[in-house]
Structures are given as C-alpha cells and as structure tokens.
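Below, each structure is written out as structure tokens.
Next come two complexes, and both contain chain A; in the first it sits with chain B, in the second with chain C.
Here is the complex of A and B:
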C-alpha cells in the first residue's frame, strides 16, 4: 500500500498515492476546461483577461461583461453543481451499497423539483434562496417517504430503488399538475428551469451552491471514515467503533441536501450523480467510496457537458441535461448488462 | 477473573427474547467456546456481549460497568468482533483490510501513525499473511480470507476477541489452520477469545471453557470434560451419543450412538 500523507503540524490526512495523483490530474483538467470555458466562445478573450474578469478585475473590454457576468458564473455554477451531484451520489451509493442509488434515480431530485415548483406556485418568488429552501423541503419529504416505504429493520436496497422510482413518478406528476395550475408566464419560467440547465446562471447561483458546499463538505469529510467502514456491514462498523446510526443519518441527510441544492440551482440534471462516483472509483482503484475524487469527477463531467452543449450549432444547443444523459445512459445500460450477466456491479 | 460478563440477560428482537436470563462469565486469558443447536441464541448472546444488541433486561458488564454506558469507540478499543459473514469492500487488499482494524484508534485529521503501521505489520506477521499483503481479498482462498479478517481484528489490538463461527464454510485443514492461529494468539499474546463453534470436537480440543446453550438458556458451562457428557448431549442436542477420549489429546469426542451400525 503506497500512501501519501499531507501534513499541517500534527494534523494530516493519509491517502493512497494513486488517489492523490488522480485527484491532482482531475484538478488540473478541471482548471484547463475552466480556462477554456472562460476564454473561448463567440467572442474569444485572452486567458489573462478572462481570468481577471472572472474575479472582478476590470479589463476594459467586452470581457468585463461576457466573462464577468456570463461565462464565469456559468462555469462556476457547472463546477459547483457538478461537485455537489458527484458527492451526493457517492454518499448514497456507498450507504446503500448499490451503484444505481443516485438521487436522480430514486426520486429525490424529482421531489426537490416538486418542492421548488410548489414554492414558485405558492409564493410567486424568483428568489433563489427561497426556491432552494422549497427544493430542500421537497427533497427531505420525498426521502422520508422513500425510506418509510423501503424500511424493513434496515434499508432493503431493492425496495429503496423501486420505492424511489415510484415516488419519483408521483413527484413528477405533481409537478405537471402544478404547471397546469400556474399562470402561463410563471409556468413558462418553471418549465425552462425543469429542463435542467446552466444557461443564464448568475453570481447568486454560484453563492447558493458554494454556501451549501461550504457547510456540508466539512461535515461529510468528517464522517468519511464512518462511510467507508459502514461498507463492511453494520456489525463490523459498530465493532470498529463507528456510531452507525448517527453517522448514517448525518450522511443520508447531507446527501439529500446536496441533491436539493443542486436541483434548486440548475434544475434537475441527471446522470452526473450516477456516473461520477463510479468513474472516480475506477480511476482511483479505491476499495470503497472515494469522496473528493467523486466531487472532482462530477465537476469535470458537468463542466465538460456544459461546454459541449455550447459548442453545438445554435439551432442544436440543447440544455446540458441532454448531454449528461448522453454520457450517462450508455453507462446505465452497461450496468444493467453487467448485472444481467451476474458479474459484480 | 472476568472482564466481560452477562448478568440475568434477556436478549432479543422485538418482544420475543431469544436469550432468556443468562449468566455468563468470560474467563480472562482463556479461549471460551459457545456451543449449542441452531437457533439456541449463541450468536445473539455474542452480539450482546460486544454491545451490538442491548439486553431487554439484565445487563452486560465490561470491566465492572454496564457496557451500554461505554461509548462505541471505547468498546471497540477493548473488544474486537469478527462477524459471521463480513463484507470486504470490492478490490480491497489484505493490508488495506487489516489497516481498517485501526479505525477505533484513529481520529479525523490525524494521519496514519507509526503505531498504526506497527500494529498492522505485526497482525500480518502473526497470521502469516505478510507475503500476500498486497493480494486482493476477493481472490484469496477461504482460509486465507478468514485469516485476513482475523488479522484485521488483531490490528484492532483489543484484549478481548469475539468470533462468530470463524471456521464455518472452511474445509477441514483450513478450519484447523484458523483454530491453531487462535490458539497461538491466546498462548503468545494472552488474548481472551470467545468463539461460537458448531463442531464439539473442536470446541473440546481448543477451548478452556465451554458454554453450552439450549433454547435461549445456558445448559452448562465449564471445563470441556465436565460439560460434554452423554446426558448433556442428549438434553441439549437431542442426540443419543457416546463420549470418548480423543486419542491424541484426551479431550472428549462426541460420537452418535445411532445410525448405520449403531442402535436403531
């Protein structure tokens, strides 16, 4: 086991050398795509100018607006929401020990969507913070219902997936119904949001995503060892001194909150939470959940998908959710194929 | 002397106690075997002894205090448990698995220490796994895998080790390999070992102390030669049997009296 220890005085973390290197490479790739996202587009702006404009230093050119108000918030949103989804999926998949358990598959994202639309319907607000709060309530209620339906002296993974898919449909129908009851103009706005997109995102969207991550990431990393140990089974984890009930509750709620925040900011974007943790696992060859690489992979995937959607000809500019589906659907089919052959999933 | 005891313990799920009012003392520095027919409550008792299940009444006492007043992590520094069917994360190597045994000694933001490394290396050494420490656990033989789990428990560095059917699913030579290992650990490192086993011959040969359970109660406890009598085998296992001395060690062997060539 070749390990790498990062130290600050007596504090430090030990990780596998391979995980560390993969993390570095993904960070570098993320930075590269980020620079591309800032500087390349209908108007090309130099890398230096776009970096300055992204952090608010005036460069006295159209870059101030194009990068400062359009490209930078959009790129940051994609990075933060991607990381949020990657983390949310990694936690859920680890807790349930099921590679299909991602918030968009087991109905939590749909529940967040219903919560957000209901908030728009009832409060007629455009404040992202209030919509995010509505999405959070929707996601938590959905998660509670799914848990109640799938609980038999513990989570039964297959019941969880099936209950989640069912509840997801109920949530979607509720959303559809709400749309028919809304004022046409509001319904149009809501519908645009429901597609799942990074277009037109502002610094407020960045602030909301960053705030949620800033609060939840320390809590999640603090419980990272508990998460990894719980993959060995409840009894083994307890016997190794993990307070299983408390850790599991904290992690499950964190995962749901992350999914809700991501949904509030960009609308429901599928497949990132499903695919990112699996890819991170494969790249790091880690035995068990790997949180930071999952977050980095989520960020990278969503940013790349967003760039791909922008590079398409104008009449083919689909929302980013379509591109994440293009990445995710083959992976899902592969998972199903592999499961049907009885191999390890 | 006994650091771990159950006193008038009723243990179970819901309102049906599986174990009913047992008094058990685990003798320090010895190997204790818990035997009994399927469903008699052996594993339930073991789970209660390591705080996985709270007794519905009565108590489990660890070092003189009720184990449920001791924190999860503190219990894990004193008692190690090897469950019946533990899950190895896919792709984990032997050394990584053994390193997980250090969990109760680690803290958030504290790096892997030389104490941790020493404990892991010594656990690998005592279980003869040093040469295959980088192999993936899923690809090992049953006996090697079980040794790897025992090594994880060793790295946990607890004075008490509890094992739930450590020899089940192993062929006969691997069963004895595991039992010899436990015997060595007990002799050389003075670890107190409690194991649930099915094979009475193995229990008699390897344990200093036997607890025979029947229908949720302790039918007999003590030295194997005192516990394994023809009367007890009939009462506990409903088996008509003869008890003979083991030609190698003199410890009791239980042989059924019926069947082909025996009484009808």
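Here is the complex of A and C:
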C-alpha cells in the first residue's frame, strides 16, 4: 500500500493514500451539504449570495439575515459539534478497543443532561446559555467522578467504561426525578433539550465549539501516534517508548472534554460518536484509529441529520437527536447481528 | 442445618423486616402494633389501619413481586449467559417493555390489563436481541461488551420513546410517572393478575435450575447428562421475559436489582443454582422494598419513585464494583 508522509516537526502524520483520498472526498461531500444547508430552505437563496452572507459580506437581500444569522451558524454548529463527537468517540473506542464505547453510553452525556435539567429546574430559564453552562458543569463533575473512580495508578479504560455506566445511571435517575417534579410543559421543554437540537444556535455557539476544538485537536494529534501504538498492546507501546499512563490520561480527559463541549452546545446528540469512527474506519480500511476521518465523518453525519430534520413536514419536526438515532440504530443492530453470527469483534 | 438453608432463612428474615418497614413508614409513620392489628384484627374505623390496609399492603405486595421477579431473572440470565453483568434492566429488557407500553399509551391503551401483554411483547423482543449479543458467538463471556451492548440498546429504545413523547404531551405526562417506577397507583386486583404469572415462572425456573446449572458446566457435559440444551435455553429465556415484564408492568423499569442481588447471593450460597434463585428472590424483594422506603423518607412530604432510588443506589454500587474489579481483560 502506498503511504504518504506529511512532516511538521513532531506532528508527523503518516497516512495511507486511501485515507488521504477518503478524507478529501468527505471534505468535498461536507462542503456540498454545507452549500445545500445555506441555500435551500423556506426561502431559496442563490449559492453565491448565501456563501457571501455566510462570511459576512452584505448581499442586500433577506439572505443577510436568513443565511448570516440563522442558517450559517446552525450549519457551522452542526459541523463543529459533529466533528467534536466523532473525535471523542474515536479516541474512546481506540483506548478501550471496543466498538461500542461512546461518550453517550458511559455517563458523560447523561451527566451533562442532569446539569442542564437541574439548571432549568432551579432557575426556570429557557436561556440556552445558562442551560449550556449547567450542562458543562454537569459533564465536568460527572467526568471528574468517573475519572476519580477509575483512577488507580493511571486510567484503565475498561474500568472507565464500567464506572461510567454506573455513574450514568445515577445521573439519569436524578434527571428522571427532576422531570417528575416539573410541570408537564417544562418537562416537555426539558425532554426536548435531552434529545439534542441545533435550532437557534448563534455565532457565539460556533465560536465556543471552534475554540474547544482549536485547543484540544493539537493536543490529541500530538498524542495520535501514542494512541495508534497503544492499540497494539500496552507492552508493545511501552517497549516502543510510549509513556502509556500519561498518554492515556491525556487522551481520556480530552475525549471527555470534547463530549462535554458538544453536549453543552447542542444538548446530548446520540450515536454520532458511536457511528462516525466506525464508518471512518471502514471507509479508510485503516488498521488503527483514524482521527481526522472520524471527525470529518462526524461532521458530515450531523450536518446531514440536521438537514433531514429541517426538511421534514411541519407536524414531524423532531430535534436532530432523533435523526442521529435513526442513523445509529441500523449500525447498532448490525453490530448485534454480527455478534450473533460469531463474527470477529 | 446446612449453611445454605440458614442463609435462606436469614434472607427471609431480612425480607420480613423490610415488609414491616414498608408497612409502617411513609408520609405518616404508623407504629408496628397498629400495623399488626390491621393485618390480624382489622378495624375499618381506625384511619391508620385503613392506610395500612388500603395503601401500603398492595404497595408492599407489588414491591415483593417486582423485586423477587427481578432478582430471580437476574440470577437466571447470569447463569444462562455466564456473564456477571447480565441484568434485565441493564440489558434493556425493561426498556423494551417500556417502549411497548408507551406505544400502547399513544394508542389509548392505558389500562393495566392492556399494559401487561404489551410489556411481555416488548420485553420478549429485547430479550431475544440481548441474548443474541450476550450468549453467542464472539461476544460470549465478554462481560463488558454485553454491558455496553445493553446500554446501547437502552439508548436506542430511549430515543424512540423520546420521539413518541415529544409529539404527544398527554402520553408524556403519564409516561414520566410510570417510568419513575412507582409502586403506587396500581390497584390490588391488577396485581392479582401478575401473582400467578410470577409464581408459575419461578416454579418453572426452580424445576429446570439443575439442568441449567449442568449447561453452565459446558455443553458437552450437559449433553452427556442427556440434557436438551436448546430446550433449556428457550425455557429460561421465556421465564426471564415473563419475570422482567411482570416486574416492569407492576413497578416501571427498575435497573440493577437483577445485577446486585444475585452477586451478593452468590457470595453467600456459592454456585448452587436452586439456592441462588431462592436467596436472590428473597433478597430482590427486600432490596426493592428498602429502596421504596428510602424514596418515601428522603423527599418528604413528596416521594421518589422506586425506579429512581434503585438506579441511583445501584449505579453507585456498580461504579464502586467496577473500581474494585481486577482488570484481567486488557
């Protein structure tokens, strides 16, 4: 197989040609769906005008507002949050070597949900900002508890999953209790937040997501080689000079922070973190974790799901979380089916 | 007397204490003498005796049924899949029952008589899926994989439930109370329909428990003993479905009882499956009652549903178990 090496100091990225091509194709597809997201909707705006409006060039039509203030921030939010979730899932699945490991299932997202619902319950607010703050605090507190429980001379991924499942149930039961204490209208709003949504997101949301990615992605890529090497086994990695304990801790914490940031911005959107890395792996036919394709795939999936949710007729306007579940469900059932046939995991 | 019989008697004694607590404690605490009187020499003019007879007895009976069913279902699933994390709640069987009940609610099927068969159908489908993951092929005996598969299945079912609830406020209102796993609000005649189902399921489980244990020793050994393995497995799956669905129909989805109780029971009575089932049943009933009593006390004057208290307490226990677990698989 042809390999291609890009060297940027310690950030040497050795990539197979196929991975490179798949990455390019995904980027092109992402751009295509992005243009669609900007220009198609209740008001159709030409592609050129919508692109101009998206970057802030006035076009002197309703496009300035519709694209500049509504569609563009929403599309960027979907792309950035999708990429964040894809990365978070890829790291977690690689660390645990388990295709089912995903921040949705190991408590982080549930903790964010509890934080958000608790905020709604206590201050009776509908401000996305206050709710996002509550979600972040909830995710971080939950993550701290999970990490503290699974920390014993370093993070053992297996213990992280199990502790996460347990704490996830604790968080979820708290959320359910709060839901029973709210009046039914507020409970409906809270439930809407709990399935995840991209509506009403602003440029500030985009900035927050972009900032989190800008800080964490270099750290993650810096540890990318360690991640791939650790997939070959702990002892092999140690023998190759990888500081296993430190790398694992850094990567696990990064994955948690990514999940927390994504949840704070859009609410818990399920299944992207589960599906995107697996699809990326299959498309690139890579032997080990593929971080950038996973992020691209996450962005693409969430943007597509978001478009699906907007194109539905008015009486079937579900939040995007329902559509990502619809994408995730077949994959999950396929995993089940394959496991039942005794195939390789 | 053998040690196992002593442990079973001790478990029964714990259950008796839990029953006494469940009858006596609530928004109004009633002393045990009055509780006893209301049971043996009922005086309908005494309001305290009325509370015990009308409210707390049926609530306690539901707790016993649900807890015993879940404890035994958990022990059976763990034996069947040879997997320590097999629990009908954790693996999504209860969620399957919930989904069926929610779909029923949207179609206007609100009565208990309609919910029970729906819960059976939903639980049966989920049980078949989980069994496919947990007991066959490459995943057999991989505890973490099974636990994750269960959580993933639950997440999937939950998002379908959410989709239904988002478009239907009336269903949401009924569902959020039902899902919290409350032991209240069921009529005693409703419960009466569940008792025979649970009793028959438990009896069948006890009858085949020796054969199931032989299957656990290995398929070849079991065949050599003249046991039809597929028949035994099919019977156990049906029994687990009946038990888990009955518990869910009676008390809403409850997690971790089927996980924690058989674990504890195994530490006490060892691997003997018949004894394990007996002690798990008694212990499960006691745990659900105690969790229910805790839910009545901590948020006075209102209450916390038993599904919430068990998930909270059970989740903590599970996380702490994970911390103590020796990591062999890595």
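The rule we apply is simple: the second predicted complex is superposed on the first by the 274 of 345 C-alpha atoms of A that agree within 3 Å, B and C clash if a C-alpha of one lies under 4 Å from a C-alpha of the other, contacts with A are read in each partner's own complex, and residues count from 1 in each chain.
Just so we're on the same page, a contact is a pair of C-beta atoms (placed from the backbone, for glycine too) under 8 Å apart; a residue touches a chain by one contact, two chains touch by 3 or more.
Everything numeric in this text was worked out from a predicted model, so none of it was measured.
Once the two complexes are overlaid on the shared chain, A:274 sits against chain C while remaining clear of chain B. When the two complexes are overlaid on their common chain A, residue A:285 makes contact with chain B while staying clear of chain C.
Residue contacts after overlaying the shared chain place A:194 against chain C, while chain B stays out of touching range.
With both structures placed on the common chain, the touch criterion links A:301 to neither chain B nor chain C. Comparing chain B with chain C, more residues of chain A are touched by C. In the superposition on chain A, contact of A:239 is made with chain B only, not with chain C. Once the two complexes are overlaid on the shared chain, A:327 sits clear of chain B and of chain C alike.
In the superposed model, A:101 makes contact with chain C only, not with chain B.
In the superposition on chain A, contact is made by A:222 with chain B only, not with chain C. Residues 344 of chain A lie in contact with chain B in one complex and with chain C in the other. On the chain A side of its complex with chain C, the touching residues are 98, 100-102, 104-105, 146, 149-150, 152, 156-159, 161-163, 165-170, 172-174, 176-177, 179-181, 184-185, 187-188, 191-192, 194-195, 234, 270-271, 274, 315-316, 318-319, 321-322, 325, 328-329, 332, 335-337, 339-345. Contacts from chain B toward chain A in the complex involve residues 13, 47, 50-52, 72-77, 79-81, 83, 85-93, 95-96, 99-101, 103-104, 106, 108-112, 134, 156.
Within the complex, the chain C residues that touch chain A are 90, 129, 132-133, 136-139, 142, 144-145, 147-149, 151-153, 155-156, 159-160, 162-163, 165-167, 169, 172-173, 176-177, 179-180, 255-256, 302, 304-305, 307-309, 311-312, 314-323, 325, 327, 329-330. On chain A, the positions that touch chain B within their shared complex are 1, 3, 5-7, 10-14, 97, 153, 221-222, 225, 228-229, 231-233, 235-236, 238-243, 285-288, 344.
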